[in-house]
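What follows is a pair of complexes built around chain A, which joins chain B in one and chain C in the other.
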Partner chain A sequence: MKREWNRNAIVYIFLIPVIIHFIVFQIYPFLLSFYLTFMDWKVIGDPEFVGVKHWQHFLSDKLAWKALWNTVMFSVYYIIPTMALGLILALIINSGVKMAGFFKGVFFLPVVTSFVIIAGIWGWLFGGTEAGMINYLISFIGIEPQLFLANSSQALAVLAGLSIFKVGGSTMIYYFAGLQSIDKQLYEAARIDGASAIKIFWKVTFPLLKPIHFYVAITTTIGSFQIFDSAYLLTGGGPNYATTTIVYYLYEQGFTGLNLSYAAVLSYVLFAIILVISLIQRKYLGQESKHY
Partner chain B sequence: MRKFKFLIVFILVGLLLVACDDGKKDEKTDGEKKPVSGDDGKLSGEITVWAHPFTADQEVEGKMWEEIIASYEDATGVKVNFEQIPWANRDQKVLTALAANNGPDVFYVIPDQMPQYADAGMLLSLDQYLEGFDIEDFVDTALVSTTWKDELYGLPILQEAYTYFYNVDVVKDIGEDPENLPATWEEFEKWAEKAKEKGYYATSFQGGGSMNGTLYPFLWQAGGQVVTEDNEVLLNNEAGVEAFEFINKMYEKGWIPEDSITAMEHNALWDGGKMLAVQGSGNSVSRMLDQDLFEFVIAPPMKNKEQLTYGTTGMFVAPINTDNPAAAAEFIKIVTNTDNQKKFNTVTQYIPTRESAKDIFSENKYLEQLAGYTQYALPGVIHPEGRTIMPMIQAELQTMLEGNKTPKQAADDAAAAVESKMGN
Partner chain C sequence: MLKKVISYTALFILGFCFLLPFVIMIFGSFKDVEFAQLDPLFWIPEDPTLKNYIYIMRDGLFLRWILNSIIVTVIPVASQMIFCAVLGYIFAKKQFPGREAIFWTFMAVIMIPQQLLIIPKFIMFSDFGWINTYWALTVPELWGIMGVFLVRQFLQNIPNDLEEAAYIDGANDIQIFMKVILPLSIPVVATVGTFSFISNWNDLFQPLIYLTQEKMFPVTLGLASMLGKEGNFGFEMAGSAVSFIPTFLIFLFFQRYFTEGIQMSGLK
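After this line comes the complex of A and B, so read on.
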């Protein structure tokens, strides 16, 4: 113990503040909220022990399952398009196009703009009346005005579009960094071998970006399961719960309904889902592998 | 591996420290209790008051609070620590502070919070402090929201009344008289039909927003009610179905915009002169006067069987775990007395809840008019589950507007959803 301390004292000294912070603000709330799932907590007063009542309620709560399903659908609409958009934007600015810095700034702008403002603009673009911007544009190609956020089969996709627009810029930066780190010699060799640009992309660029794919896939997946603000700002979870995601439902239960114990159950369900997905992604995407 | 073990030990020790620390803190707060009023009826010590920013001009508002607080401190000798809390996430702030036992002694709430808090046993009943108090001066509808199960938990300081504002240009364009506005559903329907023919929307409908601005006023006007204090759900009785039908008719006939199902606002349509009328209150008056886009007139709340509308009430309450309940109750009484209500509502442009304070708007005819309507303004559903059931009813209303349910089905299903919640 003493030798260990002598050798690594400096490390522990630097770690102590971080670990204390981690314990107080992460581990302690984490354990406390787990304890809370077995209680009925009225905020003031002593919590009452109710066993697995809240967990049982979750199993039979149709709305919670609908919220989970909505969240999964949101991920479907969101993850791949966000990655694709980020990659395409990164390829554009990496291609040596003129004013690449300018485009980088433009593409990145939604990321640094307040979500509330972006959501306001999105709501205005996708207004469900004839006066809505997108409805106005599609009227030129003969499409009837759409309800967008007021239609239970379109609303979730419109919200996913908002998130893609908002996050695309930051995935672009990750992919751009990844593209920059690919050895130029590999491209030269491929070209000498007579590979076409498309073939080079699929055989060289795309596989070598695997660590970036992994990182972006994890972060967008986690992000998509935590989606809350767009539903809160634009649809209020409607129409008919079509945009009620698991975090929105959790918020409603916890902070509107003061049903904090049940909200804690939902947060554990969410935690378990994100954990499992991350582990699966890690297994299939995350292995370090050499391609050459 | 040893390093890992060390880390585990370290984290466990840390957790232990956190747990112990928690205990110590509790002892400390118990040991260092703030000075409180004695049993002899004389007030002393100090109280903490939480309120929110009610206006944009913080300088004027700050001065107003200084005067109001001085009037209390002079009368009681109790010191006030006034803290302004932002509106955002105020629920969480109040709840976490109260749970940690270091919350305010007096704070501001709106009607849907009150019964929820009161039912959870979080609020101090004021009845014992109100002997000989002139409660009759308060507007009846304002006291509705401060009372839960026959006990009074707060005193109201402000009220609002939502009613229809009409665009005078549009009224004239459809060949009607702005001096003679619709007073009943039937009259409104006629105007709406004419507006539609001329290419206007009759009114706004914010289906994604609070039901207080959508279904509830129509439900009350039809003579209905959402749920009683005794958990009896009345949503799908005759009056309830009539309200659902009326809204469905407005949507099917195109009197309200197509996106009304989830819309949160229709400001662009109203400001752009494409709408006959919108529901508005005192805030809307200030906004309309500032923007000065077109002339508007205000109609009295509509009537079908009853003449009623929505209007929030703002009140001050005290938590059950206040250290100084007598001083907190006295603060609530003084902050809502006639003089202070006049000061407060002159600055914030809300409507006083005391009849004797209502003479402050002689220079603003619109607010003076609205002040006369607070007697019709109900504060929403006063029930601990008021906020939880709202999304359930909203979902059914949205399903109906999407054309997937008839009004009767939607009302029945909404009632069933609310009933199952009450059964919990």
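After this line comes the complex of A and C, so read on.
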């Protein structure tokens, strides 16, 4: 008994509180939220059982489907450019330039900066008048001032641009690690065969980065489904619901409209989407690890 | 040669684009601006003034936001470093029934988006009386599974010999943790700390839900409220610049831990 305590005291002292914490702040809310989807939660008074009313409402709620569609469109604008930017940054950093460490830091800086700071600057850069910096720049090539965030067909793309800028640096880190792990002899061999730099990139480097492409694609997809901050800060979901993403809609329903039960339904929809993406990742990574 | 020219050109153009927003923030914060008549190049440095900084400091509210941010960041950071180090050790080295089951149950919860948990947590915290208090932003963040995962990964690669030798010398496991494991784990624990710092300092969603009183806001939510209310770009940039200082310092000194942490969490 004494020996067991000497060897494993730390397990009892730390693990038990953590398990309790885990149940209180993760498991219980998760279950409570599911229960909530079948209830009408009220600000005052007891919740009332309403069955699948909120789930049915979701199926016929045009705005919820628009929010899902907006989120998918956001992913379209966001995923490939973020991956491309990360890969380009990693290739530059990895090409043997001087001050690579300094620039790696520069490219990574937006990753650690809060959305609030970047959104403040971004909103001004993309100001919808002639005083906006981007409008000023495009005026030199003869383009009329654009409304950007106030235009329902441009706003989502401007928000995606913000996220690309913010996340590109972390994608770069993954690709950089991937590039470093490629065997230098492969490049040598290709060069001896007379392959051009571009050909080497497309035939050697790009295919060998396949596990990284996949991992980055999954994490950016999951991230894009959770986009909220920039829509909250810059557009408030508008104009005309053009930037109402699923999480923004959930926030609006739950915390401005105080319809927490319906927000819980929306959050379970989000969860289902993320779960499916994660399971695809698990399955693929499981297979991938066999090759290494 | 051509390759070098392309690399450097791309490096400087992209470097310029990435730095420009930060340059605008810093220069802009020292300019006296009227929002309505803002011109696109207003930030070009001339006639610098501290007016914006003096304005945001005028009533102490902004300083209170900074203080709130420090409180809701430092407590989780310190606690996460301790708990993640110990739990990482437990899950990497200790033998006890249910170890794997508990660990992978913890890990599975990563797939639950935080936006799902926030709705029931809002109801729970209303019942606890935690709305508009520091409790709501600190207690749930006292440990985190990603940090545990990182430490576990790290310690699994370290042989058990040292630990076994210490047991034979009669040390108990808390002594072993403090004297043997912790000194070895400093880099990974630093990674946990830096990640925790960034996620807590920059968090907007949770404060937005749990806080309604201006004086309880962390600086992210405070700045967001300025964005809507003040409408003066100079004030905003001054506020942003001040709130950016801690992030920048942490980044400057711990950059290595960020990048290593990202690689460790991603590519097992």
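In the analysis below, the second predicted complex is superposed on the first by the 250 of 292 C-alpha atoms of A that agree within 3 Å, B and C clash if a C-alpha of one lies under 4 Å from a C-alpha of the other, contacts with A are read in each partner's own complex, and residues count from 1 in each chain.
Throughout what follows, contacts are C-beta pairs under 8 Å (C-beta built on N, C-alpha and C of every residue); 3 or more make two chains touch, one makes a residue touch a chain.
Only a predicted model underlies this, so the values are computations on that prediction, with no experimental measurement involved.
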Report task. With the two complexes superposed on chain A, say which partner A:240 touches: chain B (first), chain C (second), both, or neither. Result -> first
Query raised in the report: So, does A:19 touch the first partner chain B, the second partner chain C, both, or neither?
Result: both
**Report entry** Partner chain in contact with A:52 - chain B first, chain C second, else both or neither
**Finding:** neither
Report task. Would you check which partner chain A:276 touches, where first means chain B only, second means chain C only, and both and neither mean what they say? Result -> neither
Requested in this report: Name the contact category of A:150: first (chain B only), second (chain C only), both, or neither.
Outcome: first
Query raised in the report: So, A:109: does it touch chain B (first), chain C (second), both, or neither?
Result: second
Query raised in the report: After superposition on the shared chain, which partner residues are touched by A:131: those of chain B (first), chain C (second), both, or neither?
Result: both
Query raised in the report: Just chain B (first), just chain C (second), both, or neither: which does A:189 touch?
Result: neither
Query raised in the report: Touching A:255, do we find chain B (first), chain C (second), both, or neither?
Result: both
Query raised in the report: In this superposed model, does chain C or chain B come into contact with more residues of chain A?
Result: C
Requested in this report: Could you tell me which stretches of chain A are touched by chain B in one complex and by chain C in the other?
Outcome: 8, 19, 27-28, 123-124, 127, 131-132, 233, 255
Requested in this report: Under the touch definition given earlier, write down the residues of chain A that touch chain B in their complex.
Outcome: 1, 4, 8, 12, 19-20, 23-24, 27-28, 31, 42-45, 123-124, 127-132, 145, 147-152, 155, 233-241, 252, 255-259
Report summary line: Listed in rising order, chain C residues that touch chain A in their complex are 3-4, 7-8, 10-11, 14-15, 18-19, 21-22, 24-25, 37-41, 83, 86-87, 89-90, 94, 96, 102, 106, 109, 111-117, 119-124, 139-140, 142-143, 167, 172-174, 177, 198, 201-202, 204-205, 208-209, 220, 223-224, 227, 233, 236-237, 240, 243-244, 247, 250-251, 255, 258-259, 262-263, 266-267
Query raised in the report: How about chain B: which of its residues touch chain A in the complex?
Result: 2-3, 6, 10-11, 14-15, 18, 89, 91-92, 95, 98-99, 116, 120-122, 207-209, 257-264, 268-269, 272, 274, 319-321, 385, 387-388, 391, 394-396, 398-399, 401-402, 404
Report task. Show which residues of chain A lie in contact with chain C when the two form their complex. Result -> 5-11, 13-15, 18-19, 21-22, 25-30, 32-33, 36, 41, 88-89, 92, 95-97, 103-125, 127, 131-133, 135-137, 165, 169-170, 173-174, 177-178, 197, 211-212, 215, 219, 226, 228-229, 232-233, 247, 250-251, 254-255, 260, 263-264, 267-268, 270-271, 274-275, 278
